[in-house]
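Both complexes shown next keep chain A, but they swap its partner, so chain B is in the first and chain C is in the second.
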Partner chain A sequence: MSPVERIKAIDAKKRFVMAVLIPTILFFLFFNVIPIFYAFYISFHEMDFLNPPKFVALDNYKALIGDTHLTSSLLVTAKFAVTTVFIGGAFALFFALLINSVKRGQAILRTVYFLPVMTSLVAVGVIWGWLYQPRFGLLNEVLKLFGIPRQMWLSSPTTALPSAIAASIWQGMGYTIVIFLAGLNAIPESYYEAAQVDGANTLQKTWYITLPLLRPTFVYLLITGFITGFQVFDQLYVMKGPLNSTRGFIELLYTRAFSYYQMGRASAMAFLLFAIIVTLTLIQFKIVSRNQVEH
Partner chain B sequence: MRTRFVALTLALVLVLGMAFTASAKVTLRHWDWHQPRMNLKLKYMEEYEKLNPDVTFETQVIGWEDYWTRLMSGVAGGDVPDIAQFHNSQTQAFLNHLEAYPADLFDYDRYKEEIINFEAAYLFDGTFHFYPVGIMTGLIFYNTDLWEAAGLTEADIPTTWDEFAVIAKRLTQYDDNGDIQIAGFVPNGILGVFWLDLHYQLGGKLYGEDAKTVDWYNDAGIQALEYIEKLIYEDRVTEMGFLSFSEAMGTGHAGMVYSWSWLGGELNNNYPDLNWAVFRLPTFDGKLAPGPIARNNHETGMSVMKAARPENKRAAFEFLKWLYEETDYLVEVNLILGTAPSNVNLLDDPRITSDPLISAIAEQVPYTNIPGEIPFEVENDYGLGMLEDLIFFGYPAAEALRTAEAEANGVLAERPVKWYVEDLYTPVAE
Partner chain C sequence: MWKRRALGLIKWIILLVGGLTMVFPFYWMITTSIKIPSEVMKIPPVIFPTQFTFERYWRVINELRFGRYFFNSLYIAVTVTLAVLFTSAIVGYVFEKFQFRFRNAIFLGLLSTMMVPGAVTMIPLYLLLGKVGLVNTHWAIILPSLGNVFGIFLMRQAMQSIPNEFIEAGRIDGASEFMIFWGLILPQAKATLSALAIFTFMGQWNSFLWPLIVLSSQEQYTLPLGLRTFQGQYWTDMGLVMTGATISVVPIIIVFLFMQKTFVRGITLTGLKG
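Up next is the complex of A and B:
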């Protein structure tokens, strides 16, 4: 059979699916897969795109060891990821349970909480930067009304990162709430009715029914939250704190690549981050795969 | 048959003639990141096209953040503009990709006489690759309304730092809680750069020998930083967490700020209702000579890319020769940028002398020094920028300098400076 005859032999539906998929696959190949392999190649070279590349074997990776700037930026990123996942998740669960308990107006509440998610991260960072302004910002003016001394927020190395994290939690919470609401809606009402009959109160229903049956949702949010958290850039770049207290890993990578043209070193950093995220994801999978709860 | 042959021959002649005409036309591509400057260039390009019908221009404005990445990608991919607007902060990265200005068109000997800091700021191995346009330095900007409200006049403009501190205190206003409402002087956001100028005034330098390290932790550095500490903690003319210098000035919350002259353009564009003026930096002894009393940097002009086609390169240089030396472009672009012309012959131009900002720069510039390249992280996150954070976080001056110096030296160990000209400054006779 010739290639043309083979194509004609495939039925129209399959031909349509291939016609739609092939451009997507090609796009993915040229703009994702190939650049990733090329970045891996670059990571073994001294390269700035302005001069011929020089093979340096593992020097770029060795330079990452003992790089104090890298270590401190990784610590900032890790603190950001852990805090946004757990504290952000806790707040989101709380609000999701509240919204779920409301009989009318759930759609409006969902929209209100989701609005910040649709806002540009940079815009959020700039606005919060103004709210946090120690001398003239709105937050300190509100604190003044309650007799609380003004805080330095983004202007102090000790409070800058927590301030940036708080703004990020506010911005991203709506997404987590929506995911939790979907999980809550999947729990059959009959379980709560049975518990009601057995005399369980609200707290007991939440602890023995809701939380265990939300486990798949927790797993999803934990894994995706860490993956996203470790790649944070916009919020920390805009809401800069003093003494590099909010300088994340991706910002350092970006500076090395595009301010210093150290493409090889930046690529090595990218693969280090990839290894960290993959390791964390595998650990999480291993932990959460135990004690599965089913309906 | 004969008619066909004649027609065919005529058609061939016509086509060849058109091809010849088409190939004689040169299209010069140009990139810049500064829209107002590009608008000025477009005016002159239109004029040049009328004078030289064989030359046309294709221009593009690319934002500063993306400009150098685009240019780098262009170099790597072989798609560069013929003429690129350049900035000397990118010298180390791009110098090998810039064509040298040809000596048969551009008079090197004359430039050595006429261009301020020509050898230090522009010559690399005896050739220059971007045209000298203007010079920028740090000045004191002040709010004239607040100045007048405090009962001050032009006669009160300080020439020493002691006088400056008195004026700053007089301009500072506090609210009922004792918080600063109007800061008398705001170095917030630029404190490290301001400190460097004071350091120069006390005999210090940015770099140690051969620019392998910085040279900040010394008596001059400590004295300069202690002066700033006194302004913050004793005189209380500003505080940690106050608005940055540009925001404070623009919103009327600062009596005075230190800034480089680009702030003038920003204030005019974004805060047109603000009444402001400038004066040159005071010094510890009131004198300017022998200097240096501050750092300067050059706002450089355009470069011709090495990867441009050979016939385009010559056309590009001929255009630049015309633009820079036969038109009013240099005066007009310096007025747009808020810089003093690099060419001493232009400093007396009435359009320049009537601009108070540029006049202040012109007064100060002969006493300023250009150190050469300053790596981004030395000027910002791990050097001069860190100094500000340390001072506002309560570190004593000596410890702040020692810490910032160590961080900056760590950066230099990884990323050595190649263009270093700090020692070429010639002291001015008193």
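Up next is the complex of A and C:
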């Protein structure tokens, strides 16, 4: 290449980088960065659609303290996150271990368990709403076979949340199973062979080899599970129980922002959620790194 | 020996019961949608119906606008998926294969936006889109979805395995930078692209909260919104509601069954939740 051509080539490279980079930066500036700062601004104002924003300093944040709707919605969300992560995770691990241990049919089993993951949470809510229906729903008919009296499921404030959580676990289990299966596949076969030589049984192999070596998978699922769990909305909104028994944090935020036009208060809530998620994630990282074991 | 067999049998029984629990709600949804009216709410329930009607499908699609919702969902999901594939691939390519100032700083900046929960940007984004008159149009859904940090991250990873000699060879042959990307690089990232495609499509198809915020007229509704409204209006006619549910669930399941290998590989590759 002659020097002139080389300069042209550099120019072409530079132009290409610029042509890609500038729109990208502008995009994320407009759709991510500016909205975050704008949200921060809104959270210090009293804001609806009709009147000009009014500066209220920390009032929106102060109002979060002692807000009973907020605490109850936070409790619903926390219950949801904890149970889906731990109970859902335990079920998924159980089934992943079983699927992993069979010789044939793994692919089809994985497909079957994965089907609900593809389904929209709205559809899941609608389908389970029908199964849970107290008078004509199938679930109560099944219970009748075992002589168990009719349950109210989503129609009673005490059972609504557990019922909605059960349906969510049903929906999300396949995803967790696939993640566990990937973790199980990464464990070298030689570990099991060595244990075999030492005369270990299946239970011992699971306890002393599989579970400790699945640690990275557990950590990953725990942290991502809490991050998504605390942002739950769809299923709790669609499988709505009486007396706000399934009203989670995001639903309260959504209602305040878009039904009561309390944009400022809702934005303060959004930052509270942000802080909660960051804190929880940091605590989890701390615990995880403290209990680090060497293999 | 018999002990081992018995254990194997128990294992399979548990797996089958679990599998049945996964599939049965779908079976119940579909059969409810095609049962004759007198059998829908019959007690004891009719598990294996022998008489069928498909009349509800006609009603739900035409009279009750599910055809419209279906089209809206499809249009949005396809547009967003194609756009995300293109933007993620080209931006990921530029970050991986070109040197420029502040490269890592910009990339970290992009990644850090992923930490912010959607709830924070939801309200300001709604207000901003309202100012430019895009609320209650499909653009309000499509535009913010065009750039996808996770997609960029994923595509950058995929570009790592493509040798630089390829690009140099293209330059020596006199291909333009864009043609190198389009003709030489893109085809080699097919595996990751198809995984990203399915996730993006599924995410859009099933998305609920953001469309709920920005769409107000029923003409514009997507399937999840239509289904939710429908459930409220026709809760007494479960056959009708289950028909709507079937229409929104079955297409994505068919897509999944055809592409499940890519899909499962994609999950293990990305650990991404739709």
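In this section, the second predicted complex is superposed on the first by the 262 of 295 C-alpha atoms of A that agree within 3 Å, B and C clash if a C-alpha of one lies under 4 Å from a C-alpha of the other, contacts with A are read in each partner's own complex, and residues count from 1 in each chain.
In this section, a residue touches a chain if its C-beta (ideal position, glycine included) is under 8 Å from a C-beta of that chain, and two chains touch if they have at least 3 such contacts.
Predicted model, so just to flag it, every value in this text is computed and none were measured.
Within the superposed three-chain model, A:Y254 lies in touch with chain C and out of touch with chain B [touch as defined at top].
Touch criterion met: A:S155 reaches chain B, while chain C stays clear of it.
With both structures placed on the common chain, the touch criterion links A:D48 to chain B but leaves chain C unconnected.
When the two complexes are overlaid on their common chain A, residue A:T279 makes contact with neither chain B nor chain C.
In the superposed model, A:T71 makes contact with neither chain B nor chain C.
Taking chain A as the reference, the larger set of touched residues comes from C, when chain B and chain C are compared. In the superposed model, A:N201 lies in contact with neither chain B nor chain C. Once chain A of one complex is fitted onto chain A of the other, the partner contacts of A:P134 are limited to chain B, with no touch recorded for chain C. Applying the stated contact rule after C-alpha superposition, one finds that A:T228 touches chain C and leaves chain B untouched. With both structures placed on the common chain, the touch criterion links A:N244 to chain B but leaves chain C unconnected. Touching of chain A by both chain B and chain C, each in its own complex, is seen for residues 133, 136, 258.
Interface residues of chain C facing chain A in the complex, by the touch rule stated above, are 11-12, 14-15, 18-19, 21-23, 25-26, 28-29, 32, 41, 43-45, 87, 90-91, 94, 98, 100, 106, 109-110, 113, 115-128, 143-144, 146-147, 149, 171, 176-178, 202, 205-206, 208-209, 212-213, 223-224, 227-228, 231, 238, 241-242, 244-245, 248-249, 252-253, 256-257, 260, 264, 267-268, 271, 273-274.
Chain A meets chain C in the complex at residues 9, 12-13, 15-17, 20-21, 24-25, 27-28, 30-36, 38-39, 42, 95, 98-99, 101-102, 109-123, 125-131, 133, 136, 138, 141, 170, 174-175, 178-179, 182, 220, 224, 228, 231, 233-234, 237-238, 250, 253-254, 257-258, 263, 266-267, 269-271, 273-274, 277-278.
Within the complex formed with chain A, the residues of chain B that make contact are 68-69, 72-73, 75-76, 93-94, 96-97, 179-180, 239-243, 253, 375-377, 381-382, 386, 388-390, 392-393, 410, 415.
Against chain B, the residues of chain A that register as touching in their complex are 48-51, 68-69, 133-136, 150, 152-153, 155-157, 242-244, 247, 255, 258-261.
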